[in-house]
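Note that chain A is present in both complexes that follow, paired respectively with chain B and with chain C.
Moving on, here comes the complex of A and B:
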């Protein structure tokens, strides 16, 4: 076990249950590195997830408090938690199904409200835990187990959606970009508002096998890397290009949602309710 | 028919029967059921409301948007009901008491959140102000179509639920405090099934002048700061709820869990979780039973109803007794767990509810000694008139059947 895992994760819940060669464990390691470089402690961060590969493989790995929401609703749960416990950092790690399909409306409205959470959308470009169906982020034309003739729908970029909705920090990166990802996640966590980090990673068992024709981890990583560069290893242009890096940085430029609600309470003459208590042993009463 | 006055035995079995005697200093208002419900929540310590506007529950949201900031609380208008109930679950998990309110079309959208909150033992109150359906039906007309939906409020089975229903503006206040108390004590979602009549109508309302004085009856929020987070194979109540954000290391998820909250795919863990979720409620049914009864001891025909429907039914029963019919009245306040113990007498039952398909009646048929003596009188979108119930009571008492009145479905 590496030192960061020892410091932040639950020994009983690692190593990851993800498939051989999956990018989820590697990205989580990078998240820990960003957290560590910011000097955050286990109790400073609440770790939230959804359903699917990313939800299942990361849930309860964090050594502090964890929640795994129903499919798509991690941000709705995080909204409630944030107003009850506003001083914590919320790291919500979800897949493309959670963020870009079943939970998109919550993503949009969390961005609009500038809810103080960092969403890391770990995107394996399809529903891989159910056997490899296409999702809204699967590139158009690619073969999956539910698009045997090629995906006929256009895909969409969740970064564009959250930026339009009002997110104050938006970035895109991939599992091939270690240092860039850490830099981005650190910035995201420092924004007192809604941060969205889109990280593409390879699925070898399904997307790799069916869309790209290989279960070789390095080849699948290479395919992603090539699409960040716009050209293949032998110099040909790729069929499309992903622009990675920070796409929008308006960090700390407008009030965070739970702060707006607390300010409203003061305006109405009340004292903001909070469950952030002094820590004591055993059962405590809050009133 | 000779006029014979039959002595009445009336009783209200509910905590507020005593609370109403204890708290007498306060304000008398003419207010709506939605207002009383909101004040009940505030008095119970509710500090978070998240919901989506829908008739006839919207007034609760509007009242909450004004009242919550005054008492330090937070009103959130969600993007849909799914988000609304998940936000409430998150807030309760963060340590604040929370409530949402909706009506039928929004209620069915909450099933995901229901399952999540019930499984994770998160205290929460959900109000469903029922209107006539199916689907959008008539927005301003009362219905009682979610009797079973409230019991089976999520997928997957393996749960037991607590559902309460008020029948007056005043009762909406006390019952809401009660609902919050049960939610805290049982670590679960408590549903208040009210209806368009009870939520929209204005009535005399007494409010205690200082809610801080309700300390003797309001169950405060406690926090569980140590393992086990999910006591397995245990029916214990009054286990403090878990809290996320205080660094206890608790894990909360949609999966079958271990006592630490980890996801697990072992049958023994599934059985242990189910035992807890079902039996913490079933083994304490006596602490949840709430009802109002008139003349049950000597009745030959008992009219059964809840919510708005019970109001005209009770009037009809009292009138019938004055005219010599040995009629009784049973109003269920706790709808689930179902009060089988109240249907032990082998008499005739007339079940009146605000739907034509018959829902409550099926439970009465199951619980009564002889289901052939259970009769159904449904009405859709409006209350039964006193005259209709009176005619039905007379018919059942005399001939063992409901007379064939128009628009009243009797074939269950």
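Moving on, here comes the complex of A and C:
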């Protein structure tokens, strides 16, 4: 086990429940590196997840405080926690179903309010833990378990949606860009507001098997890399390209949601709730 | 440009200064470390681990140049790469 996993994760949950060659572990390793480079401890970070492959791994492995919400509702739970304990960092690690399908409205409204959490959307382009059905982020035309003649709907880009909704930090990377992902997650964690990081990773067991026709781990990761670069290994252009990098950076430009609420409660005048919130902040209220 | 390059490079001058440790019982044999390593440090083991996979092992640690590509790409937190501790100078008797 590497040193960061020993420092931050639960040893009883390693090896993880992920399939072989699944990219969730890589991304979690890079999240640990970003947390470690920022000097954060286990008790400073709260991990939140929803349901699915991503929820199953990250909820079980993080050694500090964490929560597992119902499908798509991780941000609703995170909103309450952020208001109650605003001095912690919230890392809400959700899959594409949680972020872009059932939880889209929670995502949009958390971005609109500028809630101070970092959402890492780990996207394997389908509902892979339930057998490989298509999701809104499945590329158009690709065969999945529930679209045997090819996905008929166009693909959905959650980055554009949260940017339009008012998120202050939006970025996209893939599971082949480790240094870029670590830098982006560090910037996202330093933003006192809503940060959204969209990371695509390979699924061998379902998306790879149905859409790409192979369970070869190397070919699946290579496919992700080719669509990041825009050309295949033999030099031909790919059918589409993901534009990665920071898409929108207005870090710390807007007041954060829980801070607005606390200011409002204080202005409304000394209720028990505001006194409790001030105790959390460490501010003494003179009655 | 492919992510996994089949050809391996010659051993560089700064090789051999790194401790490469792999937890073979946690390895799920995805093969990423073997393919991305530019200097051929890893190899397949021929006996299964307790998960039932035929894992990687560190075959040629002296080749390691400390690029950390295997550390970054391993999805199961198996690999740790750290500089070797300096050997203490021999005391003349």
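Here is the rule we use: the second predicted complex is superposed on the first by the 270 of 287 C-alpha atoms of A that agree within 3 Å, B and C clash if a C-alpha of one lies under 4 Å from a C-alpha of the other, contacts with A are read in each partner's own complex, and residues count from 1 in each chain.
Just so we're on the same page, a contact is a pair of C-beta atoms (placed from the backbone, for glycine too) under 8 Å apart; a residue touches a chain by one contact, two chains touch by 3 or more.
These numbers come from a predicted model, not from an experiment.
Q: So in the superposed three-chain picture, is A:20 touching just chain B, just chain C, both, or none of them (first/second/both/neither)?
A: The second partner, chain C, only.
Q: Between chain B (first) and chain C (second), which, if any, makes contact with A:143: first, second, both or neither?
A: Neither: A:143 stays clear of chain B and chain C.
Q: So in the superposed three-chain picture, is A:81 touching just chain B, just chain C, both, or none of them (first/second/both/neither)?
A: First partner only, chain B.
Q: Please work out whether A:53 is in contact with chain B alone, chain C alone, both, or neither, and reply first, second, both or neither.
A: A:53 contacts neither chain B nor chain C.
Q: Which partner, chain B or chain C, is in contact with more residues of chain A?
A: Ranking chain B and chain C by residues of chain A touched puts B first.
Q: Thinking of the overlay built on chain A, is A:43 touched by chain B (first), by chain C (second), by both, or by neither?
A: first
Q: Is A:176 touching the first partner chain B, the second partner chain C, both, or neither of them?
A: After superposition on chain A, A:176 lies in contact with chain C alone.
Q: Where on chain A do the contacts with chain B and the contacts with chain C coincide?
A: none
Q: Using the touch definition up top, name the residues of chain A that touch chain C in the complex.
A: 1-5, 9, 14-16, 18-26, 29-30, 176, 178, 217-218, 221-222, 225, 229, 233
Q: So in the complex, the part of chain C that touches chain A is made up of which residues?
A: 1-4, 23, 25-26, 28-32, 35, 51, 53, 71-80, 82
Q: Show me the residue ranges of chain B that touch chain A in the complex, using the header's touch definition.
A: 45, 47-48, 50, 69-74, 76, 78-80, 82-84, 86-96, 98, 112-113, 115-116, 220-226, 240, 243-255, 261-263
Q: Taking the touch rule as given, give the residues of chain A at its contact with chain B in the complex, in rising order.
A: Touching chain B from chain A are residues 12-13, 42-43, 46, 51, 56, 59-60, 63-71, 73, 76-85, 88, 105-106, 108-109, 261, 264-265, 267-277, 279-287.
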